[in-house]
Amino acid sequence: MNALEFILAGMLAAATPFLLAALGELVVERAGVLNLGVEGLMAFGAVLAFIVVYHGGGHLLSFVAAGLGSAVLSLVFALVALGFRANQVATGLAIGILGQGLSALFGKTYESLTVKGLPKLALPWLSEIPLAGRLFTQDIVVWLSLAATLAIWVMFAYTKVGLVVRATGENPKAAHAIGYSVTAIRFAAVAFGGTMAGFAGAYAAVVYTPLWADGMIAGRGWIAIALVVFGTWLTGRIFLGACLFGAVSLMGLAAQATGLDVPSQVLASLPYLVTIIVLGIISADRRLLKLNGIASLGEPFER
Amino acid sequence: MTAPLLSLRGISKSYGQIHANQGIDLDVAPESIHAVLGENGAGKSTLMKLIYGVEQPDEGTIVWDGEPLNLASPAEARRKGIGMVFQHFSLFETLTVVENIRLVVPGRKADLTERIRTLGRDFGLEVDPLAPVHALSVGERQRVEIIRCLMTKPRLLILDEPTSVLPPQSVDKLFDTLRRLRDGGVSILFISHKLEEIRAICDKATILRAGRVTGHVDPREHDAHDLARLMIGRDMPEPMPAVSQSGGEKRLEIIGLDHRPEDPFAVALSGISLTVRAGEILGIAGISGNGQSELAALISGETVLPREQRDRIYMMGKDVGTLGAAARRQLGFAFVPEDRLGRGAVPEMSLVLNSLLTAHPLGLLRHGLVEKARAKAFTSECIRQYDVRTPGPDVEAGALSGGNLQKFIVGREIMLSPKLLFVAQPTWGVDVGAASAIRRRLVALRNEGMAILVISEELEELFELCDVIQVLHHGTLSPRLETRDTRPEDIGQYMIGAHTPAAPKVLA
Amino acid sequence: MTRDLMMSRRNVLASGLALGVSAFAPAVRASAPIKVAGIHASPVENAWNSVLHKALQDAAAEGVIEYVFSEGVSGTDYPRAMREYAEQGAKLIIGEAYAVEKQAREVAVDYPETAFVLGSSGKESGDNFGVFGTWNHDGAYLAGMLAGKMTKSNVVGSVGAMPIPEVNMLINAFAAGVKAVNPDAKHLVTFIGTFFDPPKAREAGLAQIDAGADILFGERIGTADAAKERNIKSVGSLIDYTPRYPDTVFANALWGFRPILSAAIADVAAGKPVGKDYTAFGLLKEGGSDVAYVKGVAPAEAETAMEAKRAEIKSGAFEVPRITDEPK
């Protein structure tokens, strides 16, 4: 299989951890909250999922466990940052560190152990296409995350729930004035973000590389946060950014495999550079930034 | 006598030490337009919050349509048939009109769009349902707010200072709408401090002062003077007579200034030319959002012109366009910004420290260190001369009432003995007594030879203060209009751009 | 009374004699175990640390040392941990200085009575700071000999962390082993740029498989997952991964720490300075590195050839080349 096929085949799966976490953080930030603890939430979800699968609980249960566990941890963040109105940046970082610490603690006895992954499902007919066929052969979580992307896009564009979240983020005082509980909406958004981060971590540890190693999330949570901002809080762009990042990472590795004489460090930096440049260019319209930027992001809400 | 729609008895509400409402009685008849009159701080907004369910009264009863009413939230108020349009709109700028309405009114987008158009036609509140709110003028935004209320089929509609954001023509249109609503069976509760307007539209008025009711009258049977007396408890002082002056030296000159701001939602200025001479007050009128903030920043020095654009702004004969605020102040320029808290004064700091902000050149510093005694003396003098009601100079600025803080800031700037004084929105949110005092002071200074530039959205104020008025519309200035030769309706025409060569769409 | 005195005097004389004798006895005493502290930057389940940990535990089980340890010690805490153990009386501290090269040596200067032998990219320092590297290239060479005969596509691949000398050496050794039995084989190399990122290693492995490799050498974990997914074989590094990937990992380039530890302990017990490089004790002929493989996966003649080579390495007749240039 040539490099292009390789990239197409692997791009969606590589993007899935970023995508799930970024979609979660998108909802959180749209509601006006900045949660920087995504990395830790992912790590926590990852270890919970791994432990469940390792002891025979099956993949479905592992995702449920990861989602619930990270949701609970994210609610701790919500309690401190929204309930006690502590600084959101500091609180998010603290929860992130806590999440990573917990994942190291729980995962200690499972270091380097492996579990079985998930099979890939091939879409009929589409997966027979030459070159791009492998794109349509993915494990079920990838398909579900594509569905999630679509659902979130529809939510923000058409549904009342999406409207309410957007309103809360743009003008919490006005939202409160017309009778919405800003705090309740933000709590719900944070919990959702935590659940998605848990799913993202679970995917990394029990499907993508079905093993546990301390630190295996390796910064993907931070990249997810960056994707949300560089994608100007638009679902489509975030999806594009995640795929782009995944694709360019794979491209760098494929390039090394073909013996291309470019230093590996340069290739390792390419995904970051390309994603920043592409998203930066398409988001350079200041009108768009003002229009989509979240006016109340990170600010505590006082009634 | 038909039973009242809404009946309040003995309503009281306190916030800590402040008794916002004390023993209020109020009856609103069906199909009536009822005004609630009072100066800033009299308790009008608090009373409305109680009626709308945002807060709960400490004492007293509310009877609605014969039944006692205990509202826990605005949503419940809406269900009962009470709607409210706040002075500061609760609209979301990045959403469209129909999306904004959808947040409050259940229904499918298509149905709501249709209803918005219908209501707009029936009540003269036309607005495009699919337009994003940030693209709407203030008048249009107000219409969205009113339509949003109407959709919940209210029987009582509360409007908080609705005309403060409208040009004269739009005020008439609004009143037309209100009359139609009243004839359609909706009662209106109308909060305002504009006496002429209340006399024009309302059939009943309740006057509040310092948290209590001082009278229920039919405003059509009283003149503005009587109403004012009920509002402030004493006669309003006469405005200061202007001593005619002419031919003073030019203190501020702006020649053909164009400015394109970085913020895409800000207003671009083009061809701004104005002159303010010694012994003259020039006023700039205009509906909010036509470039006033941008122009103010350019004059104050908060926005500095790039080098290519020298020769545009002159103060005291010197080219100051590229100079910052501090440099301009050194030439004898003083400035009272429109935001008292945050730009004019630091809320968390004491008045003494706030004096230092701009008055430090008056010997309040020595070798870079603060002379505490001198600063305190300056502040005390300012408090005394300008009748600032405050326990003392060490009180935090944020604890003062709007009017008192404004008096302090104006006083501070005047004590710098500037040659050129620029005041933006001098009496916004200021009670009648303080507003009158400030205006008298400005005219007195003018008589002594100061050059004063005023930007204000209150047309009455400009007519009282200014020798010359220019109107700002979409970033361009009208020619000079001598106040004594001009009528408010003429100004209104300029405000909506009816006189500009390429007359853009009418902001009705 | 007199009797007591006489008894006690005898006792004093007897114990004094015993003390004197033991003072002159040779330092190699099987009776008193040496206090050794292990400071691990990662959990002891981590591959590299597990090798150290096992050797230390074995020595403790034999009674040669008393072993206490800390794990998951971050770079910022590492020097402090070193000081604490030295203060508590550890005679030998084993650990890793990779993140704290300079500070670790500074700590050693402050505690001249304690011996420090740490994994390091740098040189030994003073009398009490010794270093060791991770040389499992002997095992890698031997595994390469098996892989070279097993590949049907004639393309093999290695996934490594970063092109630092130690890693380069290891991968070059694997390649050399392959080339020794199969000069036509092509060797692909990918560096993922980090030491801890299994998903990335997997992606790199997949890339190589798609470029034609049918045997992988996984210097980083995660590579075996790629091999497993595509039903090819791979070689593990440092420890035996076969139990975790029974059908995939057929050979492992093991590393053994015991010889290094024993040498260090011997020096400490003899009172000799430990400020030297113990790396060479990790070679196969010292009992350090080795290859662990599943018999019958590679062709029989390959195994025979490999065993022969192994014997040569063990006897010292053959030395696996140590090339630290970046493999291309």
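Labels A, B and C are assigned to the chains in the order they are written; within every chain, residues are numbered from 1.
As a convention for this text, a contact is a pair of C-beta atoms (placed from the backbone, for glycine too) under 8 Å apart; a residue touches a chain by one contact, two chains touch by 3 or more.
The shown structure was predicted, so the numbers you read here are calculated from the model rather than taken from an experiment.
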Sort the chain contact graph into one of these: line, ring, star, complete or other.
line
Report the chain whose mean Cα position is at the greatest distance from that of chain C.
B
Chain nearest the overall Cα centroid
A
Distance between chain centroids, defined by C-alpha means - chain B, chain C (Å)
77
Between chain A and chain B, what's the gap in Å when you average each chain's C-alpha atoms?
46
Cα centroid separation, chain A vs chain C, in Å, comes to 37
Junction residues of chain B, two or more chains touched
none
Quick one: in the complex, what on chain A touches chain B?
158, 160, 163-164, 166-167, 170-171, 173-175, 177-180, 286-287, 290-292
Residues of chain B touching chain A in their complex?
54, 73-75, 78, 86, 89-95, 99, 102-104, 109, 134, 262-265
Given the complex with chain C, which residues does chain A contribute to the contact?
1-3, 5-6, 10, 14, 17, 104, 107-114, 117, 204, 208-211, 213-216, 218, 249-250, 253-254, 256-259, 261, 264-265, 268
Interfacial residue positions of chain C with respect to chain A in the complex
42-43, 45-47, 72, 157, 162-163, 188-194, 196-204, 206-208, 210-211, 213, 221-222, 225, 229, 244-245, 328
